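Okay, so subunit A shows up in both of these, paired with subunit B first and subunit C after.
Let's look at the complex of A and B:
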């Protein structure tokens, strides 16, 4: 059955593209949505995660351990970044953008100096299956499931845990929260660490599909930023899901009808058109419409 | 500044001075003239290589000034300023290759090099500013525009990507389409028989680049101290209030964005003429972040500081190159340290401090103001 393979291939690519956007942007959007800082060094945290995972893998650690280690190390680097630098740039959007870009330069160039420009590789696990004469990798689907799992986990953490309540309070009204006994500085550090750890985990997951180099992160950051911008800050997690659904759809169609490059450009174009309609992102738009409906 | 000192300053400089720029005193302009003269005389003592490198520094400074205009004065940060630089560079090369044999000059190519990015800025800027996109989003989308342009230029190795006699060439950089086509021309200005060729490796190009930098610097000083400059600052400080006063903020932002793109394009065109070479890597993260570093470390709200920072940081990068591939790492550290210690920029902070020092030392001979005088001043 030729056509069933074709149809499945499109669906498969859709989920693959979505997994890519979700994973690359998850940590970024958490930090942006909760703290209003766009972390330009997010790609470098992913790069660190990828290096840690591959190092752990070649030492002989099983893949899950390698991924957790990657998340831990990236989270620690995130804590250091927040404590030393980013703390001084809250509520200064443009300055925080520039200073985190500087940090990304330091991290990528530092790793380049320490480890050299040669690339590393990790094998892609799980093999493949075939539908209608086309062959598909299982790992890509595992990536998608993992992305959904991670995002659901983060959502639950911020929705239900006492840390989540404290964090949301600190973001909404820092002075009131600290008056009620929430250590806001610590909450900021922890949130940043979680976002960074998500970046590290994403890096470790992507490391099994792509070559690892000091500039590994640069392949992911632009698309991650577009997803974050499209998602908007009103409801970080939901916005991320909306944006991934929308952008991955456009990309899948464009890259199949035309080519890979047009697929990339189409994400950009789709984000532009989307932002013309919804200047502060999908989640703001949805929230405002819901509020309007409630008012009626 | 009192009326007495203002009248001493030649009327010519009046339009160039104002609260939007540091350095409005006579001392500043004397030092400035001395600095320009020193740079103009540099080729008499410096080696050929130093002259060649310094020409490129001046081009970088023009690029930095273009970002300074929108970021420092209009409050629009673009992380993709190299996009306009690259488009200007490619436009110069493409038009130059096609016209050099027909007209014998490449001044038209230089003009197109400035106009093409301005058009791109008008299109992209209209979309961004008229949809009232947040400042961070503008910054990031511009970076993405730059990266996508780079991605596009990388995959143009196919011979089909030829525009007249120019072949985009993918990773080989822009070049002639066939052996009979000319390569990217040197900057050649003039009409008919009266043409002057500026070889990028020579002194003439050095003086041309210096002249262009001085012209752009003075032009921008005039612009930011004009009423349009005040509008830009008003938009930076409070968009809503400016709008309440009846100004179209989106149009002002778009105007500044296009001027900035044209200047970046001019720098790009000069760069292509300097090395007769342009490559897709010009659109990558590196060049984009360098511009931001120059402007942020210098002081985004002051033109002079940005030029001084660009020249000194470029010089530091070249010096560091002898120590291996550490220059970008060091520049990253300098950027982060500068943002932490002097958020308004190292050179702008130093300049403002020096200015205060001069004012204080000039006032010292005067007797301390009496309480009555203070009251009078307050009234």
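Let's look at the complex of A and C:
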């Protein structure tokens, strides 16, 4: 059954491409949606996560422990970044871009100085399975499932928990939230830490598929950035999901019709066209249309 | 039962925006269970005074205390947790959040039990029917009820209301007046209310503090406002 393998391969690639975008962008879009800053050093948080995970792995920690450790360390680095730098640039998109870009250079060069340029590797777990004569890595599907699980978890946290209610209030109207007893600074720090931890976890997960180096983050930052801009800030989680569905779809088609490289570039073309139609991203576009329909 | 000691006390408070001083040397005492109205024409600094009391803006000089505790250096969040409830002019409900989430946030401050929401629904039955609706989609009067219900959910000791009648239909204004009275009579809630609406002032206030150009320039009994000339002098109608 050749064709069943071919069809499954397309679906598999689609999910794999989505997992890549979802994981690379989840922390970034959370921070952007909630606080109006884009953290260009997000890739470096992923790089830190990758190093922490591989270090933990080589001292014998099981993979889940290594991944959690990566999230914790990246979260702590995120707290330091927020306290020292980012705090002063909330809702200043351009300044935050410049400042965090500087942070990203400092972090990657710092790791280069400390650990040298050599790369590290972690084995990819779980092996493979085959469908209709095609062979597929199990781990890629685990990545996808993990991405969905993480995103659902973050969504539920902000939707249902008392922290989530306070956080959304602080984002919508910080002055009123303070007048109702919400410590807005702590909420910002915590949200930034959660976004950073997501970056660290993503780095740890990708570390099992790619070589780890001080510039590890650069493999992910551009795509994460495009996904965030395409998703828009109106609703971080929905925006992320919409953008991943769309961009990964275009990428999968283009890389099958042409080749992998064209597929990769097609993400940028798809985002370019998407942003012409929806200048502030898909979630903003959907929200405005829904509001217009409600008004009628 | 609390003593009739001072619930809120301002000593020579000056505050404003940037270097522009708006509130000039205001001293004021509000006793426990008292309802004090702040009146004065548009732009004299009533809202700025309220923001200074709740800690949204820091005073340039002077002191603010609650029940004898100096809170001048505390931020708004900490003052809220000490039992200060605030309904700003324009209400500031969280428009993108549901009515239920707005109330949950208000309840969280005082750590009041969930049953306290029942009490709020007793005052404002409309809120219970709209729990799942986004607050921003409600009418002005409904939003005002939510803003008041939201702070009552946290069981504050003192509430500050900034023009609660603004843009609200008269029967709801009356209802709000009755609720304020009841809370004071039954629970000794202390109320500082900025108002321009004569009938609401008459319905609730024990005394009226007059502001002009940022300063407290005098005090009159609410009945004095029944004289149209007096009312015209102090209220912008």
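Heads up, the rule we're going with is that the second predicted complex is superposed on the first by the 296 of 296 C-alpha atoms of A that agree within 3 Å, B and C clash if a C-alpha of one lies under 4 Å from a C-alpha of the other, contacts with A are read in each partner's own complex, and residues count from 1 in each chain.
In this text, a contact is a pair of C-beta atoms (placed from the backbone, for glycine too) under 8 Å apart; a residue touches a chain by one contact, two chains touch by 3 or more.
If you're wondering where the values come from, they're calculated on a predicted model, not measured in any experiment.
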| item | value |
| --- | --- |
| Fit or clash - subunit C, subunit B, common subunit A | fit |
| Touching partner for A:95 - first (subunit B), second (subunit C), both, neither | first |
| Partner chain(s) touched by A:59 [first = subunit B, second = subunit C, both, neither] | neither |
| Touched partner set for A:138, first subunit B, second subunit C, both or neither | neither |
| Which of subunit B and subunit C A:172 touches, first, second, both or neither | second |
| Touched partner set for A:211, first subunit B, second subunit C, both or neither | neither |
| Which of subunit B and subunit C A:11 touches, first, second, both or neither | neither |
| Partner chain(s) touched by A:257 [first = subunit B, second = subunit C, both, neither] | neither |
| Comparison of subunit B and subunit C by subunit A residues contacted | B |
| Centroid geometry (CA): angle subunit B/subunit A/subunit C, rounded to a multiple of 10 degrees | 90 |
| First, second, both or neither for A:162, with subunit B first and subunit C second | second |
| Superposition-derived minimum Cα distance between subunit C and subunit B (Å) | 19 |
| Residue ranges of subunit B in contact with subunit A within the complex | 71, 75, 77, 79, 127, 131-137, 139-141, 143-145, 147-148, 151-152, 155, 285, 289, 292-293, 296, 324-326, 328-329, 331-333, 335-336, 339-340, 343 |
| Parts of subunit C lying in touch with subunit A, wherever the complex brings them together | 54-56, 75-78, 80-81, 86, 88, 92, 94-97, 101, 104-106, 108-109, 137, 150-151, 154 |
| In the complex, subunit A residues that touch subunit B | 38, 85, 88-89, 93-95, 97-99, 101-103, 105-106, 109-110, 112-113, 218, 222, 225-226, 229, 261, 264-265, 268, 271-272, 275-276, 279-280 |
| Subunit C contact footprint on subunit A (complex, rising order) | 162, 165-166, 168-169, 172-173, 175-184, 294 |
